[in-house]
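Okay, structure first, notes after.
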Amino acid sequence: MDESEHATEESSNPHHWFSHLLDRFDEFHARFEGPNTIGNNRTFWAVFWGIFAILLVYPMIVNTFVLKTNTSFFIWVILALSLSIVWGYSGIFNFGQMATFGLGGYAYGVVAINLTEMIGGTVLALLIGVVLPAVVMAALGYFMFYGQVSGLYVAIITLVVTLMFNLLLTRTSGTTIGDAQLGGLNGMSGIPTLELDVVAFSFDLTPVSEYYLVLALMIAVYLGLRYTVNSYYGYVMIAIREDERRTQMFGYDIRKLKTALFSAGAALGGLAGVLYVSWSGFIDPTMFGLVSASLPIIWVTVGGRGTLLGSGIAAYLLQYTSNELGAMGTGYSFIFLGILFILVILFFPSGIVPALRDRWVAWSTTRKQSGSVQEGNS
Amino acid sequence: MRSKQGTNDGPKTNEALLSASGLTKRFGGLTAVNDVDFRLPKGQIRCLIGPNGAGKSTFLKLLTGFHTPTDGTIYYKGEDITSSHPHIRAKSGISFKFQKLSTYQDLTVEQNLRIPTQLYTDGDQLDEHIDELLELVELTDKRSMPVTNLSHGEQQWLEIAMTMGVEPELLLLDEPTAGMTIDETEKTAGLVRDLIDEDVTVLIVEHDINFVRGISDMVTVMHNGQIFAEGSVEEIVTHEGVKKIYLGKSVEGD
Amino acid sequence: MSLIESLFGFLILALSHFGKLALIALGLAVIFGIMGIINFAHGEFILVGAYTTAMGYHAGFPLLLAIFVGGLAAGIFGLIVERLIIQHLYDRLIETLVATWGVSLIVIQLVRIQFGGTFAGIHTPLGSIQYGAFSASTYRIALAGAAIVLFASTYAIFMYTRYGLHSRAAMQNKEMAQCLGIPTKRVYMKTFFFGSVLSGIAGGLIAPTVSLTPDMGTNVLVEAFVTVIVGGANVIVGTSLAALSLGIIQAPASMLFGTLGGYLALLITTVLLIRVLPEGLTGVVE
Amino acid sequence: MGARKSTDRSGQTTPNAHGSGKNSRRRFLKAAGGLGSAAGLSALAGCIGSLGSDDETIRIGTLYDNSGELGFTGEGKDAVTEMFLEEQDYELLGREVELISYDPAGDNTQYQNLTRRIIQEDEVDMLFGALLSSNREAMRPIVNENKQLYSYNDWYEGGVCDQFTFINTTLSSQQRPMIEFMIDNFGPDYYAIVADYNYGTISNQYARFYAEEYGGQPVGEEFVPLGVDEFGSTINDIQQADPDWILSLTIGAPQASFFEQAEAAGLDVPYGSMSNIAGTYEHKTFEPPVMTDTYSCFSYFEEIPTERNQEFVEKFKSEYPDFDYVFLSIVDAYTALQLYWEAVELAGTVDQEEVAAAYESGDISVEAPSGTVAMDPETHHATQDMWLAHVDESHEVQFLDVDGNPTDEPISEQVGTSDWFASECQLASESTWDDPITEQYIPEEGDLTE
């Protein structure tokens, strides 16, 4: 969990302005650092912004197809981060995170189709796509958490509710809401792309600007969540995950907190859903199926439940891999994923990224130790 | 630490901080707590003893709101709290230490202390308060360690500090010395005694009669879900009936 | 439709719902009740049982023997899964759930690659019984009887065998059982095998009434889950009561609002029941 | 639509007769070492995609499931595509034809990804694909956005009115001769068992409309969710309603359990089916007499007794022995290629806008295994012959005429779309390549009768 070998200790740098810059660099990142996240040193952030820089120039070196596909991976990363908060940090085993994604997507679709003429219509649709899943899940959360439902039973109820959405949406082949045809199993198509034309500036999202928007949101969500989990709320989330009753005995209203977390996670899942539907112009009820519902759970499990970074990386790589396997035209991609999955659970129970982190820490500690006396056990 | 108001009711007054009447808890066919009437005056340190299965732990859990009673009423500071939620009771000053060690294993020592204290102390005084608590349990130099690196005794003390973090007026301790060495037990006794200075009322479930003798004013004996006897330590130790119910029974665990 | 006839129709329907729910839930309930883990690949154990039964049947075995072989095949499959995966994950509920989900993915896909979209089914035996203007399949009613027999046998095994004694002890208190020298790991292994056999037999029994597809396990999984959760920890009483009451709720709902209505009634009842009785029906019984 | 493998094939593995040939032509994107350098690799893949184009070669793309629930159906379509291309020596307009196929595995997200890939990276000249309507609807937004010529050729409920899409298959409205036949021969009261999603409910609307037109009505309707295989209450309900015949719109293998359960319950009512036999050959997969007295009306059955068809069936089965029933989806894929070939030859180019114009010329008509199939310029749907098949006690198929007499002729020739759709959808006159209509019209209550 903990890895606080800050790289700040070195002093005597001859270039003062440079060391000053480095200090500012560390200072800026300090608010995102803490024992609840992976990557709390200068090297990590240097790599992080390095990758970010590569991603910034990425659209200039690839074609539209690759760019579009990458945009969708970023959206999946946001979804994975939302489950990482709800399940990984707060311990609420939510089988319905994909349902929040689907709800957000459907809400955006319906509103955007109806308000397609209106200036700022899609922005309003985005807001509704975020708020609706939050409200629905707040209601479900209230129902569950105030009724003392917990653990496995939360998983079962969220799964059952997800499947009910699936069942009901499949039946909407003739249902219209305003101009929007829900379309039953065939799904809803013709959903307009997000248009950021509010007051100050206005542009239609091209694949490139869409890529930048989603990239910016992904980075913002990641940093925002890092900030959150290393703050007051972060400790409380972990406290709830580890021992609900204990935490309650300290005076925390865990019913309220869990409902709030559940709902906030849903808002984030909804945001991802909105972005996805804006990206694809299409959504269908398979989003609420058993297989889809388990996808975010796979990402978070493989990447590491207690880490935002791990969940995000796993989402990206697993979606990428299944995409490529899909293009190779084999029926074996599910078998591959299933085996990967079991191996991770057996050999890296806390996830691949934390396991790699531990290796790295062990390696760098021994290296330091052999050089000088180790500073501070961490 | 928060200064306690109403210093005029010093320790050992007769005003009950906590009382229960007709308190009953059934689990299916089993009656764990049976029609208990109980008074705990403000400022007292009370030990609750009794043989295995006497209902002591259940009784404590009823007081914290962990279990809802089948029947009966609980008053705290004159208010009926029978149906109030555990976190409400915690906020009104009832703090509970589980028998089972329940520090947060994924957090550091300092973060463990932060969880309870940050609800009750203003942001600018928080760090100071945490320092005080760390000092109290002598864990200052281990503040940024993961809890998993602590010994069992240290974790127990940390947890006592955590229960102190909520600024309790009533502290419920469920077997705080369970699994401790003799030295550790002594240190724990010292810690609990210090609480008197903090003007905290304490109810302890405990087996170790030496431990009880060292800290307690009054002892309540439970048996078969009911209050069997009540009195000073000396009275209880010499009580014929109490001897009888302990006879042939294990004095371990509840 | 006369009152008597509709009552009879309702009874038969409730009975066949009960039979199916009880059969598909029993294996899951045994594993959940004793080991406390949720087997997400449960549906695939049923699938293995059903496919093997069909293969045996087409190879010329009598149906009952084929069903027995199906149960055995699922049991062996269960044993392999337990040895390879489950035994490393005891006491880790969520990990087991996720790992068995992985098993389920693999099995479905392998079956699909091996056997294609569907598999030749078994003709429903025993004909039909007539009541007034109505008739129903005798075999489906017999399934309810089979469920009762299976429950009774499971009960007998728990009550009167050494394994049963051990498993009940392990269920009550694992630490205590270990102190008493009960080899809990062996008990768990046997339990997983036993649960798998029961699932396989259930698969074999329902095989003549449904189409055999790689998704058949996924289709029954939710119903099985729901029955076990509603039932609670008590394997025999809880699960059978849950199957009965869910069957009684599903039957009129599907008569009134169609199959979808019945299915929704099942799910909604479950959600409400978990809310009211977090321990499941077991909590009421005890 | 559940593809079924029949009994004697059950023990075998994936078809291999056509597998090897196809794989060699299938474009593989290297996913090796995918973990670790994802971003870099997809960048690379992108470059290869745009560099690899060769103006001389004509590229045909197919997106049919080769795995997943309907994998077998897609394999059949890819197999027949290969057979057709071999018949043409992989040549069109004297240029080489390259086939690019991917397997979306029944997953709509994959359908979208691969549609993007096949259009933007592989730059196909013509795209064939989708099995279910939902797959098609997942593809269409991308197809339209990229102005890609596209063929859909698997039976569906009808209603797609799209500048870029050309459709040849049996529509629900084209099955109307069956409704008329059932009402005339068995009586007006029918009970409908309908798969509860778009295909089922919309087809049921057509059925109800035509039934009314021919003097019949439903005495009961049951909507069954996909994947449900429990029909106890349905059978009860049918017995209570006591219909003259049952309209079957069951979809997928689980729902086909209905027939087995009805047989076991002793239900003895003839079936008029809009979804069985031709595409999913229940008469081959169930043991007789489960499907006895099923009447089914489609543009194609393997049993169609014409010489053209029997030759086709023989050739296909000898080349792809894994398929022992040539189902509708296979033939529709073949016919779709025939239609494209004719359109390209008429246009003299593969330029997509010009080929679309050729499709719309009104001169596109081919001799398909099912008979004459013509492309209707306004609706972009095929006009074709309809056959009425009757399944007997031993699960043999005979074709019947309107009076129920055995015949070697279709029950109705050159059947077009419903009048309602024909009046709604006028692509040739109202839509252009640059200002396209890309809709799916779904009849609302009362639409059909007007």
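So that you can tell them apart, the chains are marked A, B, C and D in the order they are listed, and the count of residues begins at 1 in each.
The rule is short, and it goes like this: a contact is a pair of C-beta atoms (placed from the backbone, for glycine too) under 8 Å apart; a residue touches a chain by one contact, two chains touch by 3 or more.
None of these values were measured; they are calculated from a predicted model.
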Of A-B and C-D, pair with higher C-beta contact tally: C-D
Farthest chain relative to subunit A (centres taken as mean CA coordinates): B
Centre distance in Å when subunit B and subunit C are each reduced to the mean of their C-alpha atoms: 47
Gap in Å, rounded to a whole number, between the CA centres of subunit C and subunit A: 36
Whole-Å gap separating subunit A and subunit B, where each centre is the average of the chain's CA atoms: 42
Contacts with two or more other chains, residues of subunit D listed in rising order: 14, 67-68, 71, 196, 223, 225
Residue numbers of subunit C (touch at least two other chains): 109, 112-113, 260, 263
Subunit B: positions in contact with at least two other chains: none
Chains touching one another, given as label pairs in label order: A-B, A-C, A-D, C-D
Contacting residues of subunit B [partner subunit A, same complex]: 64, 66, 85-87, 90-91, 95-96, 98, 102, 104-108, 111, 114-116, 118-120, 144-146, 149, 162, 165-166
Subunit C partner contacts - residues on subunit A that touch it in the complex: 93, 143-144, 147-153, 155-157, 159-161, 163-164, 167, 171, 290, 294, 297-298, 301, 331-332, 334-335, 337-342, 345-346, 349
List of subunit D residues in touch with subunit A within their complex: 14, 26, 28-29, 31, 34-36, 38-39, 42-43, 45-47, 49-50, 66-68, 71, 101-105, 107-110, 112-114, 116-117, 120-121, 132-134, 136-138, 140-142, 145, 196-199, 201-202, 223, 225-226, 438, 440, 442, 444
Interface residues, subunit C side, partner subunit D - complex: 1, 9, 12-13, 16-17, 20, 58, 109, 112-121, 123-124, 126-128, 130, 133-140, 208-216, 219, 251, 254-255, 258-260, 262-263
Subunit B partner contacts - residues on subunit A that touch it in the complex: 1-2, 4, 35, 232, 235-236, 238-239, 241-243, 245-255, 306, 376-378
